[in-house]
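Provided herewith is a single structure, encoded as structure tokens, for subsequent inquiry.
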Amino acid sequence: MQPGVTPPADSVEGGLWMVMEKAELRLKTSGRVIPDAELQAYVHDIACRLAGEHCANLRTYVVRQPGFNAAMAPNGFMTVWSGLILRCENEAQLAAVIGHEIAHFLRRHSLQRWETMRDSLGAAQVFGLVSAAAGVPLGDIALLGAVGYIQAYSRDQEREADELGLETMTAAGYDPQAAPQLWRNLIAEGEAADKDEPNPFFSSHPPTKERMEMLSDLAAAARTTDTAKQDRFHELVSRYRAVWLEDEVDVGRYAEIQVILSRIKEDGHMPGVVWYYQGEALRRHAEVEDKTEAIAALRKALEFDDAPAVTYRSLGLLLAKQGDAAGARRAYQSYLEKAADADDREMIRYYIKELEKRS
Amino acid sequence: MTRALNLIGCFLVVALLAGCTTFVAVSPAKKHEIGNVFRVQPSTLWSAKKDGNVENWTINGFDLEIVSFITKVTEGKAIAPKLQGDDAPTFQADMNATDVVNLYEAVLTARKFSQVEVRNLRPHTISGKDGFRFEYSGFDANGLAKRGMVVGLIDSENGLNLVIYEAAAEHYYDASREAAENVFDSLEKI
Amino acid sequence: MTNTFSCRAKRGARPFSFLFALCLIALTGACAQTQSAGPEVSIKRPAGKLNILLMPADVKISVVTTGGLTEPNAEWSEQGRQNVVSALKAEMAERNIEVNPYADDSVPSYQIASEHEQLIKLHQAVGASILLHKYGPGLQLPTKKDRFDWTLGQGVQSLRDSRGGNYALFVYAEDSFSSGGRVALQVAAIILFGAHVPGGRQIAFASLVDLDSGSVVWFNVLTSGGGDLREPESARQAVDTLLANSPL
């Protein structure tokens, strides 16, 4: 079975192919594919360069979905979650993940995995898993944990993919050290996270010590190159960073987001936005009862030019809850000044009036 | 065997349902009390189904248009606990409208909505009491575009109470909008 | 809003309520049986030939394994699709109706133009609603008592304007066949549970949509214990039965 060759319709693979085609069609019409032709072309271009002659068989989709995951179906359709791109510090790290997934595809690991799965899962479940991996949830949230099952490879397959992935990455001009670096970042995030929630990517690619060591060794042995231009990455990602951070807060990834934000801060990007989200995540996290840190983070954000206007709104909300009516009113007024056309300004004006009544 | 059990399960549900009609008529001629919180008088006939503290109305079917009354979400409760599960964000007594918007967005996420946008959060009065109102849009779990509007009222006795109109963006939101607006306009607090 | 049904139907490409509705019907349906909704419907006939926009037929044929899992079979589904499409075209020819296919139906993977996607999804939702509330026992809507006035709205005119047609015909069919080992399980299930475990289950529905107003002017559901969509003659029979009481 060659990658990209459609299997005969009466075969087992034929049935699964149909399921994958349906899943791809469902993804395309789901409203989740980010409608930015530039962004889509950018990711497709990276995948293409890494896939070489198999580029013609690839279809890539960047979907709006928080969390770190990328998945590739044996029929050549690949999805990359926006949460994954958010967590990459540069294009080389993005290329590392894409290259790794393509390696699984080229080595037909996915197809072997499909065949094993077939014995225990019905087509509807397979469809559900493919959809979930693509970022179009179908069933229970718990299914996301099972998503790892679809991508779970053997140790040998992982080693093969790591090796081939690094090879193609380096050949394309990317620094191979980006691969272990990305994994270190993910592990750090995983350690901060709530252990109950399964990380789909980790269930399929367990970040064992053994793998990390192997990956570091491979990277060290590879030719060190860093010729690929990387400005496009920063240009495109800055367009979306705030939105994608908001998505992570919206799904309650409060602990993970702090790890991501520290890294972005270290890399020197968007300090005002970063401090805002640090404060906002603490504000929204119900388990954090003491909001002092949240207030401090929001105040810190305001020291920077790029702090979004909603920083004042969040500050107002917190101060009001703390009983600092005057401080809250001031913050809300600043919000109204900074965001004159905010669509919730009437609501904020109401909050101000209520606070005036109290004092 | 799972398939057989699934079908048997269906059979039982069917048997239960067939015993009674699930939907009741809500006639425009009179006022209706909902959850002991709201009184409402629709301008046209609706079909209604109750489920605990939620009452859902429709004309053509829930996936096409729905008016949902969710009452008495008190401190520590989630808006849609069965759907959202144990980790769901819950209503707290010191929450305001902006906080409720975040709670509602979490419900939409649990319903597998994507591209959710909330607009125009503003004050809204019901029986002289201060409430709030906002609109939203998104794609549902099947990729069907949906639009909605929400009216909310928080009070110390009943906690959070919401009235939601949601419909398919293609045709239904506009077609049933007048009927829904009339329901909203007639809202009274008991 | 909330998922009020506890029945866990298998999920697939269809909306959940769709599958649930199907499972209700599969249970309540006995032998070859159709129930059409929509009163004696008459349709507007133009001066010339009536033109029917034939939407891509959605046919899924699966095999039910001994373990009770349903697996779609690509070859069977494609055979079924081709047979249903041929049958539909033959039916239309008999009635002197012009058939206007939405897409090149010689290939299975149809492409719905992006501007029509929401309409197709809306049709699925409307179809699910009709199945649930017209065919689901105990689920009738008081607002639909003695009336059948579901619609896709005037947005259908974009279909009419880009593809032509007076009415659009949507056909959906699903069929499954047991592999050898299933028969034994069926007998056991009947004895033990008194429930029929379908080993070969067919369900089809068709809807006819007015491309000016968007109204679903006619809708029919066919449930049958026999017939094989993989066989052209059998598919022809099924389509013939499905369309028998249509206004076409």
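Each chain carries a letter (A, B and C) given by its place in the written order, and its residues are counted from 1.
Here, a contact is a pair of C-beta atoms (placed from the backbone, for glycine too) under 8 Å apart; a residue touches a chain by one contact, two chains touch by 3 or more.
Since this is a predicted model, take the numbers as computed values, not measurements.
Asks: Could you find the two chains linked by the most C-beta contact pairs?
Replies: B-C
Asks: Return the chain whose centre of C-alpha atoms lies at maximal distance from the corresponding centre of chain A.
Replies: C
Asks: Just how far, in Å, is the C-alpha centre of chain C from the one of chain A?
Replies: Those two chain centres are 39 Å apart.
Asks: If you average the Cα atoms of chain A and of chain B to get two centres, how far apart are those centres in Å?
Replies: Centre separation, chain A to chain B: 31 Å.
Asks: For chain B, write out the residues touching at least two other chains, lowest number first.
Replies: Correct list: 141-143, 145.
Asks: Where in chain C do residues touch at least two different other chains?
Replies: 10, 69-70, 117, 121
Asks: Tell me, which residues of chain A touch at least two other chains?
Replies: 26, 29, 138, in rising order.
Asks: Report the residues of chain C in contact with chain B in the complex, numbered from low to high.
Replies: 1-10, 15-17, 20, 23-24, 26-28, 64, 67-70, 117-119, 121-122, 124-126, 128-130, 132-133, 136-144, 150-155, 185, 189, 193, 195, 197-198, 214
Asks: Using the touch rule from the top, collect the residues of chain C that touch chain A in their complex.
Replies: Touch list, chain C to chain A: 10-13, 62, 69-75, 77-78, 109, 112, 117, 121.
Asks: So in the complex, the part of chain A that touches chain C is made up of which residues?
Replies: Interface residues on the chain A side: 8-10, 14-15, 17-19, 21-22, 26, 29, 121-124, 127-128, 138-139.
Asks: Which part of chain B faces chain A closely enough to touch in the complex?
Replies: The touching residues are 85, 87, 89-90, 92, 94, 96-99, 102, 105-106, 109, 112, 114-115, 119-123, 130, 132, 138-139, 141-143, 145.
Asks: Could you please specify the touching residues of chain A with respect to chain B in the complex?
Replies: Residues in contact with chain B: 26, 29-32, 64, 137-138, 141, 250-252, 284, 286, 313, 317, 320-321, 343-344, 346-347, 350-351.
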